[in-house]
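Structure below; questions to follow.
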Amino acid sequence: MLIALTLGLGSVPIWGSEYAMLFFMLFCIYLALAQMWNLLAGYSGLISLGQQSFVGLGGYTVAVLSSYYGINIWIGVVLGGLASVLLALFMSLFIFRMKGVYFAIGTWIFAEALLVWFSNWAYVKYGSGLFIKPSNDLSMVTIYYAAFVVGAGSVALVYILLRSRLGLGLMAMRDDDQVSETLGVEVFRSKLYCFLISAFVTGVTAGIFYVFQIFIQPYKAFAIDWTVKLVFMVIIGGIGTIEGPILGALIYVVLSQFLAEYFSVSMLILGGIAIVVILIAPKGIMGTLQEKLGFEVLSPRRF
Amino acid sequence: MEGLIQDIVNGLLLGGLYAIVAIGLSTIFGIVRLVNLAHGDLMILAAYLSLFMVTSLGISPLLTMFAIIPVMFAVGYVLQRFLLNRVLGKEMEPPLLVAFGVSIIVQNFMLMAFTPDARSLMSELSLMTFPLGPDLSIPVLYLIDFCIALAVIIGLHYFLQNTYMGRGIRAASDDPYAAKLMGINTQNTYAVAMGLAIMTAGVAGVLVGMTFTFYPHSGPQYLIIAFGVVVIGGLGSMKGTFVGGLILALAQILGARFFGPGYQLLCGYVVLLIVLAVRPQGILGRG
Amino acid sequence: MPENCALQMDGVNVFYDDFHALWDISLEVKRGEIVSIIGSNGSGKSTLLNAIAGQLSPRSGVISYFGETISGLQPHETVAKGIALVPEGRRVFPRLTVFENLLMGSYTPKARQHTQKSLDNIYALFPRLKERSQQMADTLSGGEQQMLAIGRALMSEPQMLLCDEISLGLAPIVIKGIYQNIGQINEQGLTIILVEQDITRSLKAANRAYVMLEGKVVLAGSPADLTEERVKAAYFGI
């Protein structure tokens, strides 16, 4: 069933309208971002309220490289991912000493700091923003496939990761607190790898997003709104499951199409729904289904 | 070095305001281990409420405090009692995310109800200064902020140290199981604590509104200030909160002086991150 | 009759999530008695006291206190009725002083009216606490903390005192003193339920005893009835 879905998704440009391509492209982008947030919050115990740091950095890397230096757009995207990893590494020096809540706020602070910095930086034209100028004309199809690669790829990546030694360690830790105490350093390193990996994928995904958007501004790129959407998607879809973010991203893209005109209302509704879900069904839709029906579509467990 | 003394004095006075911004966050985190991510937004909500009263009743912002204080206490009480108490437990994520959700809801509600325009509660008070020597003048408003902040913090401290309810709050935070055996209704106690915390946020919000312009999205920047104060000064210490406020305010003002006004916030963030890296429990905090 | 029956439990079942901790518990305690509940670790003794105090709610069965149903009440409500629990492990508030700990004991509105009198009584009973009244509770020795925990419970002016393993971790001579205090408290008219692992000590102090095993009452009687063989057999499930 999964293969059919993937094939279906991959072939959208063939059978779908312009609108369908747009819809599914956004779906893939948000899917990748959501998978990464879930990797952190649902599996590594790291609540990040600052993924927008990597979104902004990834986007700006592409913008700067393409606008000022005419570098190939896709190389720019990858470099955006790498820049994000470096940022994550730097951030980790500070925030990986912090526990739980402090970590979360630390990530937020970095994002806010970046927002302020970029807004005041002449090199990126302050708050007025930058254009992304691809050196050759890009078709929507190309962009779509790039999004598809990160979207489907993120799911595959998380799946493979969780089945690896690193992943098993994380899941063991997640299920039993005491285990984490004894494993100490290993757990720390696993979390760090996840953080770096999520930074990379987020940066790359953002790069693709901004290739599509063509224009980037600090107050939007580094805005907390990104986190709001990710939290919404993962909480509703099901935190700590691989299928959760898929469902969550789908729901979000559908909802956002309906609420396109009413920005604040939409944020309000997202926030409200997320709270209700946390109170009533903290495992989200997929998580609750898994619990009640005892199945996992994409189980990283080996048995 | 002209104006340096002035900047330092301004920084110290501003520190008082920052301390009262932080005290609610610090108190509630110390008691219920919950970081109220909506703290800043609730402050701004109070500022808007005050503005509403000022424009419709024509009274001075300081007078609105009499209404703001009970209203914000009620907001905090209800929030804790009926929403946050339900997610308190072993895991840290649900309360954090619920508070995050509340923050988003409050922010967007304010955006819809009050439009994104800049607002302020500034009055003639904002411009008044009184001179203290040839190069030094004290901005009256900063002084008022400082004095009110000091009064509130001392009052809160006294309450927690010397009243039954205050001691009950401390007991419930030490050991809820044992506190219940004393006849303490912990659900109520936590709600009272949050009520107090949001009440101080309300006072802080009005003061902030009187001192600076504010927008619906101003909340998070004050949350970060509050967080910064708590980190720098240390958790669980009233003195620490005050010291933290002073240091953060000084960092910002001196940063603006030496690097330019756009970098004011950034300097604050940098100092905060440094303290986090070097001495995470804060300067006066208990390890 | 209800006026003489301090506590009655009928067919009480208590669960921790899915774990069945107490099975059909029925027992009674008369006014002014000292009743011991003995059993090894995990036999459900503490669960029993927690259920009476209201920290746990029975899934079925009735707990009544002087004729009034109290099963399902919250802990702060049972305290107001006159039941005080001295919890296992003492659990004094570490960051409050001895005095403040005792003060917390008289938190209920009823008890608050007689705080000073209650304090005087407690200090008379436990002079050591008066000496240390301004010290932080976590600086006290084990025996002193136990006295503090008992004193704190007494501050709520209870008619029934539930004691959960008050001899745990204390030196024999200290335990002797504590049990003397228990005797004094009982003479002042309080009904006392003692939960203990130390069989000898608690049987000596009690009027009657129940033996528990794996969440069930397996033996009951006066200390004379409960010979060593019978108790050992019940205790170990032989």
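Going in written order, the chains are labelled A, B and C, and every chain counts its residues from 1.
Note that a residue touches a chain if its C-beta (ideal position, glycine included) is under 8 Å from a C-beta of that chain, and two chains touch if they have at least 3 such contacts.
None of these values were measured; they are calculated from a predicted model.
Chain centres computed from CA atoms place C at the largest separation from chain A.
Among the chains, the centre nearest to the mean of all shown protein C-alpha atoms is found for B. Inter-chain centre distance (chain B to chain C, centres taken as mean C-alpha positions): 44 Å. Computed centre separation for the pair chain A/chain B is 32 angstrom, with centres defined by C-alpha atoms.
Look at where the CA atoms of chain A average out and do the same for chain C: the two points lie 54 Å apart.
Residues of chain C that touch chain B in their complex: 53-55, 74-76, 79-80, 84-85, 87, 91-96, 100, 103-105, 107-108, 111-112, 152-153, 156.
Residues of chain B touching chain A in their complex: 29, 35, 83, 86-87, 92-94, 96-98, 100-105, 107-109, 111-112, 220-221, 224, 227, 231, 262-263, 265-266, 269-270, 272-273, 276-277, 280.
Residue ranges of chain A in contact with chain B, taken from their complex: 41, 47, 49, 93-95, 97-98, 100-102, 104-106, 108-110, 112-113, 116-117, 119-120, 224, 228, 231, 235, 239, 264-265, 267-268, 270-272, 274-275, 278-279, 282.
By the touch criterion given at the top, residues 164, 167-168, 170-171, 174-175, 177-186 of chain B touch chain C in their complex.
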